[in-house]
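The two complexes that follow have chain A in common; it is paired with chain B in the first and with chain C in the second.
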Partner chain A sequence: MRKYLLLCLFFVHSLYAYVYNDLLLKTQATIFPKIILLDQNLVDKLHNNTVTLAIVYEKEDFYIAQNIQKLIEKHYNSLLDEYKFHVILLDISKIKNFNEKVTAFYVLHLSENNVTEVSQLAAEKDIITFSYDLENLQKGLLFSVTIEQAPTFYLNKKNLYPENVNFVPPLLQMVKFID
Partner chain B sequence: MKLFKSSLLLWTSLSLFAQTNDILNDISNDVEYFGNIATLTKENEHYQPYIISVFQGKELEKLGIKNLQEALEIVPGVDIATDNVNLKTPIFRGSNPSAYGQTQLFIDGVLANNLFFDAYSEYLYMPIDMIKRIEVVRGPGSKVDGFNAYAGSINIITYAENFKGFKKENKLVFKYGSYDYRMGGFVSHFSKGDLKTTIDFSYQKDNKSLYTGPDGLSQNIFGEVNAPLSKDGKAPLWFEQYNLGLNLSYKNFYLKSRLVAHTQGSAYGINFALPQEGDRVKLPNAYVEVGYQHPFHKNTIDIKVGAKYDVFDSKSQLAPDGLVFQNSAGELVTFEDGVYGEHYAKQRSLYQSTALKYKDFEKHTITGGYRIAREETLKTTTKLSNRETGDGALVDYTDTLPFFDKNAQRDVYNLYLQDEFIYTQQLSFIYGLNYETTSYQDAGLEPRFSMVYAYNANNIFKLIYSKSHRNPSWQEMFTMNNMSRVGNPNLKPEKVTAYEFAYIKKLSNDAYIQSNVYYLVNKDQIYNSPTNPVYRNVLNSDLYGFEIEYKGHILPNDRFYINYSFVDGESSLKETSEDVDLTNVAHNMAKAYYIYNIQHNISLSSLVKYVGSKDRAINDTRSALDGYTTLDFSLSYKNTHYGYKLLLSAKNITNVDVRYPSKPKSYEDDYAQERRNFFISLTKEF
Partner chain C sequence: MKNFITKSLSFKIIMLIVIVSSLVIISIFFVSERFNKEAFYNVELDKANIIVKTIEPLIALDLYLGMDTNIKKITQDLMKNSNILSLTIKKDSQTVYTIKSPSIKKQETFLSVTQDILQPNSKRKIGTISLDYSSQNYQKLINNYRKFTFILSFVLIVLFLLLSIYIQKLLSPLRTISNALKNYHPDKPVNIPLVKEHNEIGLISKALHRMQKKITEHSKEQKNINENLERLVNIKTLELQSQLYTNNLTKLPNRLSLLKSISLLEEKSLIIVNIDDFKEINDFYGHYIGDDILVQFAKKLQELTHTIEYRELVHLHADEFALLIKTKISEEKFINIIQTITSSIEHTLFASDNNMINLRITIGAVLNDNDPFANTLEKADIALKLAKKKSLPYLIYDKNLGIEKQYKTNMQWVHKLKEAFKNDNVLPYFQPIYDNTTQKIASCESLVRLIDNDGNIISPFHFLTVAKKSRLYPEITRIVIQKSCQYFQNIDCDFSINLSIEDMLHDETIEYLKEQIIFYNIAHKMTIEILETEGIENYEEVASFLTQMKKMGCKIAIDDFGSGYSSFEYLLKLHVDYIKIDGTLIKNIDTDTNSAIVVETIVNFAKKLNILTVAEFVHNKAVFEKVKELGVDRSQGFYLSEPKDDIKNLL
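The block that comes next holds the complex of A and B.
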């Protein structure tokens, strides 16, 4: 009986879906694409003059990722300033074989190992990383927004890899730094 | 050529600079927009200058919460009390559990307390499916703009609240449950150009009756001679309610309105004698508020005018067959067929307010304004069995022995001024003054000061000092010719001075620990008792305690919430100079819920509530009322393809005997609440 219960728990746990804050998601989905435009090296991160934002998720959060994709597409209508704008979904389990050129990752709630994997790939390929969870900036991701009294920007300076992600100075005056 | 290149470089730089500036401005606008939403929706609750807990309707639905009352039972420091007519009221931090108007209920910003009791018992039945969010503020510090929250305030936000870019949700809900409970309702949005409309409607009823007794006759409430007539049996606790809300907005104008047609069984009898099954009390309540918001620069003028109507309408057997009573000539009369009564009182409140929010001074938001109100009784009727002959047929006593003062009227004038001063990003202050005068006793000048200090993103401190008051309710002032309640028009407002300190530890985006300690000095609290039914300002009480709550996760796929509250203090009756411990108050309470999301569309939840024992009132010789722990389970399934939700809920699953305290010398065995019960709910979203 105990084994059966443990098996059930394992099975159930493997199907979980994280609980996201709706307002925070909307705030991030609206602001993150605009932050991409403030990278002075953006041109190097384009493919066919297209900004590509990949939403990185664990499979249980597929519906959430899909909703964010729709939200961003509706808000930006495939155009980010003067560039074409493409939002794609990236299941974390497929990240090892992921070869598309993307401009930025929007990382949803991931397990610690997966966060490390994403941040390593981003560092290798000069990809800007945005995180849903503020705590993940200490695990290698670059930028996040939280809701305090008002939306507040956080950036981990260590993860700027300054030769490749080079935000305009006024943005750096708006953010709070995390070491 | 060199000049051309330099010019081109300069032009490109300027163009890039302009483009960057545009993007930064755009981002700043987003920050302001979402910041405003965060303030309005209390997403930034931890930075608000008061002690607040926020509960989302959808999360409460998953827990099997059926209505507003059940939702409030989860809030730290909040307990529920009831009375002989089953008028339920939330008790905040143990503050005067025998009074109704200690807290105020706002629905979409409109004060909903009825004038007759200053209560909102009829709104406690409001289905949770019609509620988007509940914001509960403990302590008097929540409102300064013309309102006076005494022990706390409850802000109900319906689905009429909507922001650009957020989904407008239409839904249809059906429920069925124990006691033949049935509910049907909908929420619907319409938009055409600048006109936006939201309608919510619900109909619900049940046939609940619970065994009770012996009734108050056993305690000689009608004298020793009538004690043998005491009965026990099923108290009619059924209810039927229609609730219609209509909210409109057009450009800068808005209209907020609600009509509640509420009827309930006479419960334990308005004179503590067990009534008949069909005896009833009607408590209809309706309000309409029209407003205009005029923005200029960063500032806003908000002008409102509103009307609210409420009725107390009782038809009931007041005493059993064979009651012996003394008539005006001093003769003993026997009411062979019992005593019957019809009591009707209709009230109206009219108000107008204007508020200016001025933001042109750097770091300051100054709010000032006034609110004027006229509160009055429009009509009363009193019909009783013939007091002289004992004949059961009703006689109209409206002019000779009215149960209520038909000329009851009160004017209230309120002025207020407040400054919100953001000294730094970390440190902000709110300070202000309220001044109120009425056509009866005045509350006078009441200050308020609060400070919020965010040491960093994860550690926030709040310090609050505030004074507030509660004006006497209509029944406390104007009830007449009644054995259990005698009004007193000379009552002063109850007054409270509050000292509160809070600390919030944010653990992540959606996990936190919030704790607070408080000390409340209550003066001139209004009190009556069966031995002296006249309402008097005779109770002083000092309350102190703390509340701690945690919201977060155990696993990534769950939601866990737990709170614990403790209150203690002393009360003293001025008349006897007698100090007593807090009465009818649970010193310890703990509530917790756990929602486990099995999949993104299936969740299992459990809800546990512990309410500690309660000491008895002054001169009540009964032993303390036992505490209780209840446990609920719910299973929720959402079909994302067809857009429907199914919920099964089992409540008080261990069948615990939950009782609310009765007044001394009335129902000796207190008021029993429902045992194990079930309901099922089907919601279609579109």
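The block that comes next holds the complex of A and C.
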């Protein structure tokens, strides 16, 4: 009974869980850290010479977030170029009390309100934001990648904080801007 | 012609332009080719570099983000550029992507450019891009450049050719002017071309035209001046010729004319007429009257000789005229002419300025002389001199007179004397004069000797007369004075020198004597022997000189006393210290009673006047004993000692 109950819960949970594209996740997981390194103001965003990427998720996506964390850690082996690289998980429910210095948020699928909250925090603390969903860029997040014929970069021009986030020009030449 | 072309101004200018331009063009060509090649190469290299640099950031980002598809797309787009032959992208030494142009040809040259790929933010090297860029454009540029250069060179050559033609055309008027001037002569003016040209050639032509006019005018003036000068020169030449052969005073032909006439004749007779003592007329009446008399005398001679055929009357000089008879004449007729002239002149009174003057003449003549060496005048002159000497009214030259020989001898002696002066061979010899009481040398007489080239000692008998005639005598006196004073300067012995009246009247000789006496401080040793006292004409001057000498400390002796008409009066007036009795009285005194009486009288007279007597010409013991017996104080002669050049060993 207990097994059935757990199974039911799983299915119920699964019923409500968002469906992620594995290929896109993998692509983003490998590219986003590199994009962090293309910020010319990166040094200001470091804590103890450590690049910290926080994966922001809703409870339903905990496992997804955890898998992504493992994937990134495996890919980069805790080292991003010359910096230490630390990937943490951040539950959106705890974001109000979140005080750690992070370099970037990798935002998974969130509700609209949560996206706004994350984007406001990011703007407040000069944190680079990467979004799994392209649509979230219009809600205040900065960067996203989709897979079309080839990986395509998108950047929300409104959310670019010129003084604090300063990507190298070739990246800006490469991206597609969303107004 | 070829030489002219190479030396012509236009050729030189053109050649200079061609050489300089060629050098400049060649230099520019080589320099610019070198720089342009490098520039063209750099342009193509820059192009390749720009391409690489342009794509590097994109490639870098794609390579960094691992977006190989993007790299492929970029490179494929790039390969559309036909100049890009190949592109290779390496990541960490591993070739990630390489692409080659399908249109690449074998052996095509290219430029290779390699660029590091840097991480976009950290600029860390993450790979390399290698691009091979075609050098076709470079080759094309070089070819175009060469083509341009060749065209430019060709254009310049054409320009130089045109320039040279133009320069030749510009300078050709100079040749035209030169050709026109070739035949220029001051008397034949030429038409100078291009006078109307309004340029430098025109200016030159105008200047030449003006110059030609001036030269022509000047030439005419010069010609006139030359003609005038020539005329004047001719007149002057005639005048000078006339003066050359004419005596200005009497207008008779002169000596030069006579010599010319003599040289042209084979047989001729010549009469030289000399007016006796004409100098006195000049001195007494003055030169004006003297000249007037000469003119009258000339006229008189013309009157006397005008009937003689083939004659020429000549005025030789002041008081000497000559009559040249240019044909053979008999002796009788010749003598008749001479006597007529002599007689007529002596019976003529010449009147001038209220003065009536009678002239005497002496004639020397030569008859029918055919001497080819034109010595006729000299012969007549010799005859004249001999006639004067012998006080004859006239004398006709005869070679048997021996005058020429005497002249020759005299000339030889003159030559010998001059040689002796030059070689310092006129010397004093010293003959001792002994004191008859002590038998010791009392003094010495300096006697002049000449040493000829053979070393012979020559007595003055041979050359003194000639020396007097040839004015060499004062020099002999000076030599004897100087050398005698020098010799006796340091010898304890008196000496005497002989001075003639001529010496005593010769100012320079007297001054010299005084100088030497003072210089050697020798007056107290010196005795002056006066020669030729017989008939002293300038007694006052001689007496004055002797007084001066006595004042200086010299003693005076009268030489050759007793010969001729020696005057006792002089002994009193001249205050003499010695009397040297003439040798003619002494030489036979041992046998000739009369001589002994005369000598005794002289000795007695002298003793009363405290005058010492010297016997000359003591040539043997008998004479010596006799003079001693007669009381003569001193003796001199070959018996005692002949003259010597050095008598120190006798003292």
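Quick note on the criterion: the second predicted complex is superposed on the first by the 164 of 179 C-alpha atoms of A that agree within 3 Å, B and C clash if a C-alpha of one lies under 4 Å from a C-alpha of the other, contacts with A are read in each partner's own complex, and residues count from 1 in each chain.
The rule is simple: a contact is a pair of C-beta atoms (placed from the backbone, for glycine too) under 8 Å apart; a residue touches a chain by one contact, two chains touch by 3 or more.
Predicted model only: the values in this text are computed from it and were never measured.
Chain B and chain C, once both complexes are superposed via chain A, clash.
Judged by the touch definition given at the top, the superposed model places A:His86 against neither chain B nor chain C. Once the two complexes are overlaid on the shared chain, A:Thr30 sits against chain B and chain C alike. In the overlay built on the shared chain, the residue A:Pro170 is in contact with chain B and with chain C.
Once the two complexes are laid over each other on the shared chain, residue contacts for A:His75 go to chain B alone; chain C is not touched.
Contact comparison for chain A: of chain B and chain C, B touches the greater number of residues. Contacts of A:Lys139 after superposition on the shared chain: neither chain B nor chain C is touched. In the superposed model, A:Tyr18 lies in contact with chain B only, and not with chain C.
In the superposition on chain A, A:Asp39 makes contact with chain C only, not with chain B. Contacts of A:Pro151 after superposition: both chain B and chain C are touched. Superposed model on chain A: among 23-31, 419-427 or 617-625, the stretch of chain B in collision with chain C is 23-31, the rest showing no clash. When both complexes are aligned on chain A by C-alpha atoms, chain A residues 30-31, 34-35, 37-38, 81, 149-151, 168, 170-171, 174 touch chain B in the first and chain C in the second. Contact residues of chain C toward chain A in the complex are 57-58, 60-62, 64-67, 69-70, 73, 119-122, 124. Listed in rising order, the residues of chain A touching chain C in the complex are 30-31, 34-35, 37-40, 42, 81-82, 149-151, 168-171, 173-174.
Across the interface of their complex, chain A is touched by residues 19-21, 23-24, 26-27, 30-32, 34-35, 37-38, 41, 43-44, 47, 165-166, 425, 428, 454, 457, 508-510, 553, 555-559, 596-600, 640 of chain B. Looking at the complex, you find that chain A touches chain B at residues 12-13, 15-19, 21, 23-24, 26-27, 30-31, 34-35, 37-38, 60-61, 63-64, 75, 81, 109, 111, 132-135, 146-152, 168, 170-171, 174, 176.
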